[in-house]
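By written order: A, B, C and D. Residues from 1 in each chain.
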Amino acid sequence: MKNDIVHLDVQDISLSFGGTQALLNVGLDVYQGEILAIIGPNGAGKTSTLNCISGFYRADRGDIFFEGQDITRTPTHKIAEFGIARTFQNIALYTGLSTLDNLMAARHVHMKSGMLGCMLYWGFAHRENIEHRHVVEEIIDFLEIEHIRKAVVGALPHGLRKRVELGRALALEPKLLLLDEPMTGMNLEEKEDMARFILDIHELQNTTIVLIEHDMGLVMDIADRISVLDFGRKIAEGTPEEIRDNPAVIQAYLGQEY
Amino acid sequence: MNWQLLPQFALTGILAGGPIALIALGLVLIFKSSYIFNFAQGQLLLLGALFTWYFSIELELNLWLSIFLAVAVMALIGFAIERFALRPMTGQPLLSIILMTLGLSQALQGLALLVFGGAQRNFPQIFSAGDPYKITTPLVHEGNNIILILKQNLVWSFVVAVIGVIIIGGFFQYTRTGLAMRATSEDHELAQSTGLRIRRIFGISWGLAGVVATVGGVLLATSSGLDLSLSLVVLAAFPAVLLGGLDSIPGTVAGGLLIGLSQGLVKVSKVPIVRNSAEIMPYVVLMIVLLIRPEGLFGQKRIERI
Amino acid sequence: MLRVNNIEVIYSNVVLVLRGVSLEVREGQIVTILGANGAGKTTTLQAISGLLLSQEGEITRGSIELGDTRIDHRPAEDIVQLGIIQVLEGRRLFGHLTVEENLAIGAVARGHNRRMIAEDLEQVYRYFPRLKDIHRRISGYLSGGEQQMLVIGRGLMARPKLMLLDEPSIGLAPLLVQDIFQAINQINKESGIPILLVEQNAKIALEVADYAYVMETGRIVLDGPADQLAENEDIKEFYLGLTQVGERKSYRDVKHYKRRKRWLG
Amino acid sequence: MAIQRPAGEFDFSYAYDMATIRRRWQWVMLLLFLAGLYTLPLYASRSVVSLVNRIGISIIAVQGLNLLTGYTGQISIGQAAFMTAGGYISALLVNNLGWPFPAALPVAALGAGLVGLIFGLPSLRVKGFYLTMATLAAQFIIPWFTRQAFPEVLNGAQGLNVNVPVIFGIEFNEPGKYIYLTLTTLIITTVIAHNISRSRLGRAFVAIRDNDLAAELLGVNLFKYKLQAFFLAAVYAGVAGSLMAHHLRHINSETFNLVDSVLLLGMLVVGGLGTNLGAIVGAIVVEFIIEGATLSAPFFVELFPATAAGMIQALRPLFFGVTLMLFLIFEPRGLAHRWQLFKAAWRLRPFSH
C-alpha cells in the first residue's frame, strides 16, 4: 500500500488566464500508492491543478515531476503514455461509440498497429484487437457493465456513463489515476458502488489516486490524505482528521458542519 | 513591381473591400444570433439584385421603389428560410447545419437560373459611372504627380457599406434586441428558458440578413453588372468573416478591407502569376492567418473547460 | 398557486418518464422535490416551464394549473411571460456576455424597460453584493459560486411569480451551498416569491423547505411537511445516509469485487 | 441496444464476435452480388453501365470524405480539389512520362494525399468552421494553380487530354470495359475503409470526432491523426480523380469543382455519416437523383421555355439542393441509420418494441 516514494511531485505551479490567477505556487507531493483528495471551494483551482498535471493546461511557472521525470512540458498525448489517466468533471466520453469501443479506444497507447497495418488489418492488427479485447473485458467485468457492453454510451444514464468513464481511464492501465468529481450527481447507492470500485482499484493494482470530490463524508472515508485549495493557493494538507479540525479549512470551505 | 501603381491599387482595393465587408456583415449577423454560418448568403445577394432588376427594368418602376420592394421581398424570403429550412434543424450538429445552408445555396442557385434564366443583364446605374473623382497626390513619378482615379460608384458603395456596418454594429451593442441576439447565439436552450422568443430572434436576424444581402447585391451589380455568377462574390467574404474572428463586427470590417487591399496589392506585381492571384488572395490570406493566429485577428479566444 | 395534477410525460413517443405526478406549491412556500438521478425531478420542472417541447418530450395526460389558468402545452416563452422562471441545472449562463448583460437578459426577455431593469439590478445586487463588484466581468470566467448567484439573480430580474430551481447546490463547496441556500431562503422570505426546488442534497433542502416530495422512477412516493420528512426512517437511511442508530455509514464498509472466470477466448 | 444477434446464434470467441461476415449465406449473397456487377456490361444498356461506373467513382471519393468528415469529424468542402490533384498527377504520369496506368494510379493517390496534408496543417490549431474554411481554400487554390502555374505543362484553363488506360494490351476505352477498373478499385478501397474503421486507427479517429480534448488526454496524438485523416481522404480523392480523368479522357481546373465538393458531402450525409454503408448508399441515391434531373428536363422546358438551354444546369443543383434539405429535415442520420432500424425491426417482428 502507501509508502514513502514520491510518485508525483508538483512543485509550486502557477497559472493565470485572462487576468485571473487560477493557481499560485501550488505544490503537491503524492506518494506511491496513496489516495490523495483535493478539496476546496469552486474556482479554487482544483480542476486547474489536474489539468496542469495531465497536460491540458501549461503551468506558467513551476515544474511537475512524475516518477522522477519532468513532465511539465511533455506534449499532452505523451503524458497518457507515461501512465497518467483521468476522468472528467463533466463526462467526456466518446458519445458515438459503444462501451466496448470506448474502452478499446483507450487502449490506444498500448496498441502498436500503424496506418498501414490498420488498412491491411488481417494478421497483426487483428491479433492485437483480440488480445486487447481480453484486457477490456476484464475491466468491463470488474465494473459490472457487461449488460451495456455494446450499447452506445451517449444514451446511457448519468451514473452508468460515469462508470464507463472510469473504465476508460482504467483501460489505460494507469499508474496514476486522476478523478475529477467522480460522484457528482449520483445517489447514495451509486456513490457506494463508485467508492467500492475506487478502493478496489487502489487495493488490487496499487494505483496512486488523486481525487477531487465535494462529498466530505466520502472524502473523509476513503482518502489517505487531503489537500485543501482556496483562491488558487494550498491552505492545508494532512490526514482527514487533521483537516476536519483545521480552523483555516473550516473557515474557507467546510463551515461549521463537520 | 510597378511601384507607381501602388497607391492607386491599394486605394481601389480598400474601397472594393467595403462591399465585401458589408456582405461579410450579413454572415456575421446570422452567426451572432443563431451560430449558423450561412453558405447561401451569396444566393440571397443574387436574388436581391435580381428582384431589383425585375422591378426596375421589367416592371419599369422607379429605381428607389424597386430597391425598397426588393428589400421587402428579401426580408420575407429570409424569414421563410429560417422558418422552413433552419428551424427544423434546431439542435442538430454543426455539419448538418452547414450542409443545410449549402443545400439551400444549391437549390436557390438552381431556382434563380430556372426562373430568371442565365443571361447577362443591364443593371440600372445608381451612381454615375463616368466622371471619376481625381485626386492629385504629392507623390511624383517620372516628373509628374501621381493622380488617383476613383470611380464614383466605387466610392459611394464604400460609403454605403460603412454606414450599414455602423448601424448594425450599434444595433448589436446597444439595443435590447441586439443583446437578446447575442445571448441567443450562445445557448439556444438557455435563452429559451429565460423567456427570449428565440424563433422571433432567428426570424429577425434572417430577415435582416436578407436586407443586408440585397443592399450588397445592388451595390455590386451597379458596379460590375448582373449575372448569375454574382453569387460567387460572397466567396471572398467568407475569409473576411473568419479573419475578423466570426463574431466581431469591427473585425469583419477590417477583414473585408484587408482582403480588398491584398487583392489590390498583388495587381501591382509584374509577375503574371502573382498578378493573377487576386482571385485566390482571400484564401491565401486566410490560410496564413489560420496558421499564425487561428482565433482570427479580432476574435475572442474561446474559453475551453473540461 | 401552482398545481400539477397527475401528469404523465413521454419522451420521443417511447420513453415514459413521469407516471402520474401530482404536486402543489402554495403562496410564499419553498417546496422541494427530492430523489435520485433519473427519478424524473428535472422532467417535472421542464413540464411546468414548457421546456419539455424542445427536448422532444410531451405531456400525455394530466394538467398543470397556475392559479386558474391551465399552462400545460404552452411554449416556454409564454410560461415565462406568466411569471414562472426556471433556473436550469448546471449554472448555465451566457459565457461571453458580462455579468450585467447576463442579468439584463432576464428582464429583456419579459419586455421590461430600462427603468425597470435599473431598479431590478439594484435589488439583485442587494441580495448578492458580490455581483455588483464584478458586474463588468465576462461571466464565463466567474467561479462556480458566483455563477450560481448570477443565474439566480437573472431569474429574479424577470420579476417572477414562481421560481423553479434545478439543483442549485450541484458541484458547490459545502460553505457555498450554505450561502446559496441562505440567499434562496432570504429571497423567499423577503419578497414572498414561492420556490419549487429540485435538489440532490436532501439535508439542506429539507432545512429550508416548507414541504417536500420524494420521487422515484417517475412517481411521487412520499410527501409531507419538510420537518416531518426529515424524521422519517427511510429518508434518513436512503437520502441522508444515516444508519439505524443515526450514525453515518462509512464508504469503506461496502462489499468488494471477486474475480470471475472468463469463458470467451 | 446497438447490436442484437438473432436467437440461436452465439459468440464462441472474440474473433467471431468481431467478424464482419458471420454466416455462410452472407458470403454467398455477397459473391452473387459482385458477380452480378461484374457481368453488368453483358446485359445492361450502355447508359446504365456508364451510370454505374460514375457511381463507383463517386463512392470512392465519398469513402475518403467519410474517413475525414464522418469518422474524424473534420468537415471538408475540398474533396473535389484533391480529386483535381489526383487527376492531374495521373494524367501527367501516363501522358508525359509514359507510365502504365496501374503504376500511375497509386502514385497519383499518394501525390493527392500529400497535397491534402498541406491543407490539413491548420487542423493543428483550428477546428469547426475555421477548418472547413481551410478546405474551402484548397477548393480555390488548387484549381487556380492548375490554371496559372506551368502553362507549358498544365496547359492553363484549357486543361489536358488524358490517355486511355492500357493494361496488358487491353484498352479501357468505353464504359463497358472501364467499369472493371472502377469496380476492382472500389472493392479494394471498400475493404481498406472497413479495416480502418474497425482497428486502432478508426477508433482514434472517432475519439477525435466525439471528444477531441478527452482523446488527447487519453493518449491520442491529435495532430498526427487529423493529418492522417486528411491524408487518407485526399488519397481516396486522388484515386477517384485519377479514375474519372482517364474515364472522361480530359481534365481541367473545372472538372471537379466546388459544387462537386458539396455534392460529395451531401452524398455522405444522405447515406449516413461515419458508416461504411452510408458512403455507398449515399453516393448511389444522390447520383440517381441527379440522373432524375436530367431525365425530367424536357418536362420543365415546357414550363420555363426561356431557360431551355440551361435547363439541366438549373435542375441539377435544384434537385440536389432540395433533396439534401429534405434529408436533413426528415432523415438527418442518413439512410444507413434507417437500415439499422429496419433490420432491428425485422428481427423482432411481429413485436415492435
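Quick note on the criterion: contacts are C-beta pairs under 8 Å (C-beta built on N, C-alpha and C of every residue); 3 or more make two chains touch, one makes a residue touch a chain.
Every value quoted in this text rests on a predicted model; they were computed, and no experiment measured them.
Student: Starting from the Cα centroid of chain D, hunt down the chain whose centroid lies farthest away.
Tutor: It is C whose centre lies farthest from that of chain D.
Student: Report which of B-D and A-D is connected by more C-beta pairs in contact.
Tutor: Of B-D and A-D, it is B-D that has more C-beta pairs in contact.
Student: For chain A and chain B, let me know how many angstrom lie between their CA-based centres, rounded off.
Tutor: 48
Student: Centroid of chain B to centroid of chain D, CA atoms only: how many Å?
Tutor: 32
Student: Measuring from the mean C-alpha position of chain A to the mean C-alpha position of chain D, what distance in angstrom results?
Tutor: Here chain A and chain D have centroids separated by 40 Å.
Student: Which chain C residues reach two or more other chains?
Tutor: 141, 264-265, in rising order.
Student: Among the residues of chain B, pick out those that touch two or more other chains and give their numbers.
Tutor: Within chain B, the residues that touch at least two other chains are 306.
Student: Can you list the residues of chain D that touch 2 or more other chains?
Tutor: 14, 213-214, 217
Student: Flag every residue of chain C that touches chain B in the complex, lowest number first.
Tutor: Checking each residue of chain C against chain B gives 49, 51, 54, 76-77, 80-81, 85-86, 88, 92-97, 101-102, 104-106, 108-110, 140-141, 154, 158.
Student: Which bits of chain D are touching chain A when the two form their complex?
Tutor: Listed in rising order, the residues are 1-3, 14-15, 18, 192, 195-196, 198-204, 206-207, 209-211, 213-222, 228, 232, 274.
Student: Can you name the residues of chain A that touch chain C in the complex?
Tutor: 17-18, 20, 39-44, 89, 134, 137-138, 141-142, 157-159, 181, 184-193, 195-197, 199-200, 204, 214, 216-218, 221-222, 252-255, 257-258
Student: Which residues of chain A touch chain D in their complex?
Tutor: Where chain A meets chain D, its residues are 54-56, 75-81, 85-86, 88, 92-98, 101, 104-109, 111, 113-115, 117-121, 125-126, 128-130, 133-134, 137, 150-152, 168-169, 172.
Student: Under the stated contact criterion, what part of chain B meets chain C in this complex?
Tutor: 90-91, 176, 179-180, 182-183, 186-187, 189-198, 300, 303
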